[in-house]
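Chains here go by letter, A, B and C, matching the order in which they are written, and residues are numbered from 1 within each.
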Amino acid sequence: MKKLFDQERVVGAALMVFSITALVILLLIMLFILDGGLPLFNKVSVSDFLLGDKWVPAKGLFGASQFIVAALLVTFGAILLSVPLGISCAVFLAEIAPGWAKRIVRPAIELLAGIPSIIYGVFALIIIVSLVRVTFNVATGETILAASIVLAIMILPIIISISQDSIESVPRLYKEGSYALGATDWQTIHRVLVPAAGPGIVAGIILAMGRAIGETMAVVLVIGNVEKMPAGLLDPGETLTSAILLEMGEAVVKSTHYNALFCLGLVPFILVLFMSVLSSRLTTKNKARFA
Amino acid sequence: MDSKNKIEVKDLNLWYADKQALKDNNLHIKERKVTALIGPSGCGKSTFVRCINRMNDLIDGVRITGSILLDNKNIYDKDVDVVALRKRVGMVFQRPNPFPMSIFDNIAYGPRIHGIKDKDSLRKIVEESLVGAALWDEVSDRLGTNALDLSGGQQQRLCIARSLAVKPEVILFDEPCSALDPIATGKIEDLIHELRKKYTIVIVTHNMQQAARVSDFTGFFLLGKLLEFGKTRDIFENPKKKETEDYITGRFG
Amino acid sequence: MLSKNADRLAKIWLWLSALVIILVLLSVLGYVFINGIGAISVSFLLDMPQNNWREGGIYPAIVGSLIVVFVALAFAAPVGVGTAMYLTEFRTEGLVTRIIRTSSDALNAVPSIVFGLFGLSLFVFYLGDYTGGPSLLSAGLTLGFMILPTIIRTSEVAMRNVPYAERMESFGMGASKLQTIRNIVLPGAVPGIATGLILSIGRAVGETAPIIFMVALNPTIPKSLFGSGNTLTTQLYYLSMEGISMKVAFGTALTLMLVILTLNAITRVFKKRLSRNLRRC
């Protein structure tokens, strides 16, 4: 017999309300960012925004291409630096490391992941910036490269932990098959394990790219913040996120400038959502392959 | 005709951490003969066969005493190159384990890691190995397809071809048919029969009929110990130990 | 033996890669410690800033950080744990759970500066009359939105790790679903949930970009949730970006670092207990 007042159903209904919160917040974010950004396109065309390279709010010029290029350069630089190191460390943890080494390296990586981005920024502001200045003998170390280096450090934990997971999920059988043919550890690692873990590793790299594109604090402190198209890694620049951070304070609410800054946020937002979907797709596909 | 001893096992003991899995085993394996190892599950026959190409080295906490002589050289000596040993002593596993790559690359894997880069030599080795494993006719027109698309029995023959490609002297089979259907099993057994002309073969099986069909010699393992060893016919028709008789007549196991 | 040498070289490289990572961590930690240790003291933590932050302490920022983290947790902990409970105990896998999980993952991927823009437009401009505009409440709620996915994910894993058999046993003795959740699932999942909450506190304490538009460099003790205040991270940003006082900036950085290290150590203890529990089953 069903009771009129069923406690279980009441709790279930309450929890359902809780559980749609994440979806509601996500939709609200989209709504508010679009609402804040889209009015820009009444004044500036989409192509002028994406492709234009003049950003002069006072004159109504909102070409964001230099921010986009800087963000992409910084991200690719970071990936280039951190992927070889990250995969190596993941292989080390999954295959080579004796117990005592794992007990040191793993907590170190967790800690690396837990350090706030602003602290990385302050560290990079002095150490990495001077390192770049001295090494490459440039006028200022506040460059795209400096931002890439600090981002590379920040995304290492993501790359390592996801790569390690996917290497460890490669069936033992493959490994044994390779050893039984007289392969060395290294041959087994680079010819069988890493290729078999490939899709999982790529998923980790994509996730890390998303993190790098969206990062603000560590970048803004070291990239120089010059609103000009960067010509190379040793140029200063300004990324999408740092532009938002630096200009929001001076933008009049609901002005075109304000709208344009929301559009700057829209770019990494869309990219990152896309990457996160792609990455989780790859992960599920990878798991299914070995099931 | 009595052939020479290819492998001589002397006083072999093995521990997983504190647990002893193999106890004082002595055994001679004849060259170019098929030696079958039978026994109930958990009796140590798989552990034993994995000692012969030192696959147990890959497991943490394994300790081994005694010796295994391959052509009169102890493979557990300090100066032995494990990689070279495994090239001489190949292994086919319980579950087919082709790598997630093409059929061609699977077979070419071994030769490549041992330094053969020349395309024509590789192609020749791949064909020879597939012919040797009685798989050539079925896959010769699709060497580029993913090995994981083959059937279970084909995959297992591919794994046999893969070990043939490194030109081993000994092939260890660790219950090679336990994951296969009867028809695929029959093909593998025929193949083993062919292979004994060129290779020394050790096969672990829990299927007594299989041991009787394919082997020249049979050893019976119980609780980590080789209890009885002899010509296959003698073991099956005239076992000396009561436990062996109980096992092969199906009274336990 | 070519392959032997390659093997040896490769292993040296793999060891080196791990070593490099340890060195990077040590240099970041060492840098913050060496520069911050001179500034930090009990009075630094409990005094008011003097002379535009060039002297005195950072008490207001500590209070501000505590408040925003408290607000964030007060929102995200019940909602997050509730969502996890709904996913594990009240719903079988299907479209609904997939939608919830996907939105949570997507929320987790949203760049922190976008949370900043969102918080600014929702809490400051749209709901400003209720939140006090750029207030600690607005900042805390924005952080709460940001840490929600972490709490959902970790709590869900914690609840799923409670063995199915234990639930069945409880049902078998005639317990209702709610009794089972209260007596079996929640107690078993507590260490895992707690680890997730501490992890989220660490994130909330350390984030800057989501709240940068809602907190200012403010030298006074926040009077209420609806008032303005500042936090350790935002203060660190302004002090170092505008070069106001590197000494106090480093002191702030070290304080923040110590908080993170402490939280990290606590999760380590919980994790140990967690793995011990799992082994017992």
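Rule of thumb we're sticking to: contacts are C-beta pairs under 8 Å (C-beta built on N, C-alpha and C of every residue); 3 or more make two chains touch, one makes a residue touch a chain.
Not measured: the values here are computed from a predicted model.
Q: In terms of touching chains, how many steps apart are chain A and chain C, taking the shortest path?
A: Shortest path length, in steps: 1.
Q: Measuring between mean CA coordinates, which chain is farthest from chain B?
A: The most distant chain relative to chain B turns out to be C.
Q: Which chain wins if you rank chains by how close their C-alpha centre is to the centre of all protein C-alpha atoms?
A: The most central chain here turns out to be A.
Q: Measure off the straight-line distance from the CA centroid of chain A to the CA centroid of chain C, and report it in whole Å.
A: 18
Q: How many Å are there between the centre of chain B and the centre of chain C, using C-alpha atoms for each centre?
A: Each chain's C-alpha centroid was found; their separation is 54 Å.
Q: Let me have the rounded angstrom distance from the C-alpha centre of chain A over to the C-alpha centre of chain B, please.
A: 48
Q: List, in ascending order, every residue of chain A touching at least 2 other chains.
A: 184, 187
Q: What residues in chain B touch two or more of the other chains?
A: Within chain B, residues 83, 113-114 contact more than one other chain.
Q: Residues of chain C that contact two or more other chains, please.
A: 3-4
Q: Quick check: in the complex, which residue numbers of chain C touch chain A?
A: Checking each residue of chain C against chain A gives 3-4, 6-7, 10-11, 13-15, 17-18, 20-22, 24-25, 27-28, 31-32, 78-79, 82-83, 85-87, 90, 99-100, 102-118, 120-122, 125-126, 145, 148-149, 152, 176-178, 199, 202, 205-209, 212-213, 233, 236-237, 240-241, 249-250, 253, 256-257, 260-261, 263-264, 268.
Q: What does chain C use to touch chain B in their complex?
A: Going through chain C, the ones touching chain B are 1-4.
Q: Within the complex, which stretch of chain A touches chain C?
A: The contact residues of chain A facing chain C are 7-8, 11-12, 14-16, 18-23, 25-26, 28-29, 32-33, 35-36, 85, 88-89, 91-93, 96-97, 101, 104-105, 107-112, 114-123, 125-127, 153, 156, 160, 184-187, 189-190, 207, 210, 213-217, 220-221, 241, 244-245, 248-249, 253, 261-262, 265, 268-269, 272-273, 275-277, 280.
Q: Enumerate the contact residues on chain B facing chain C in the complex.
A: Per the touch definition, chain B meets chain C at residues 81, 83, 113-115.
Q: Tell me, which parts of chain B touch chain A in their complex?
A: For chain B paired with chain A, touching residues are 53, 55, 58, 83-87, 90-91, 93, 95, 97-101, 109-110, 112-114, 159, 162-163, 166.
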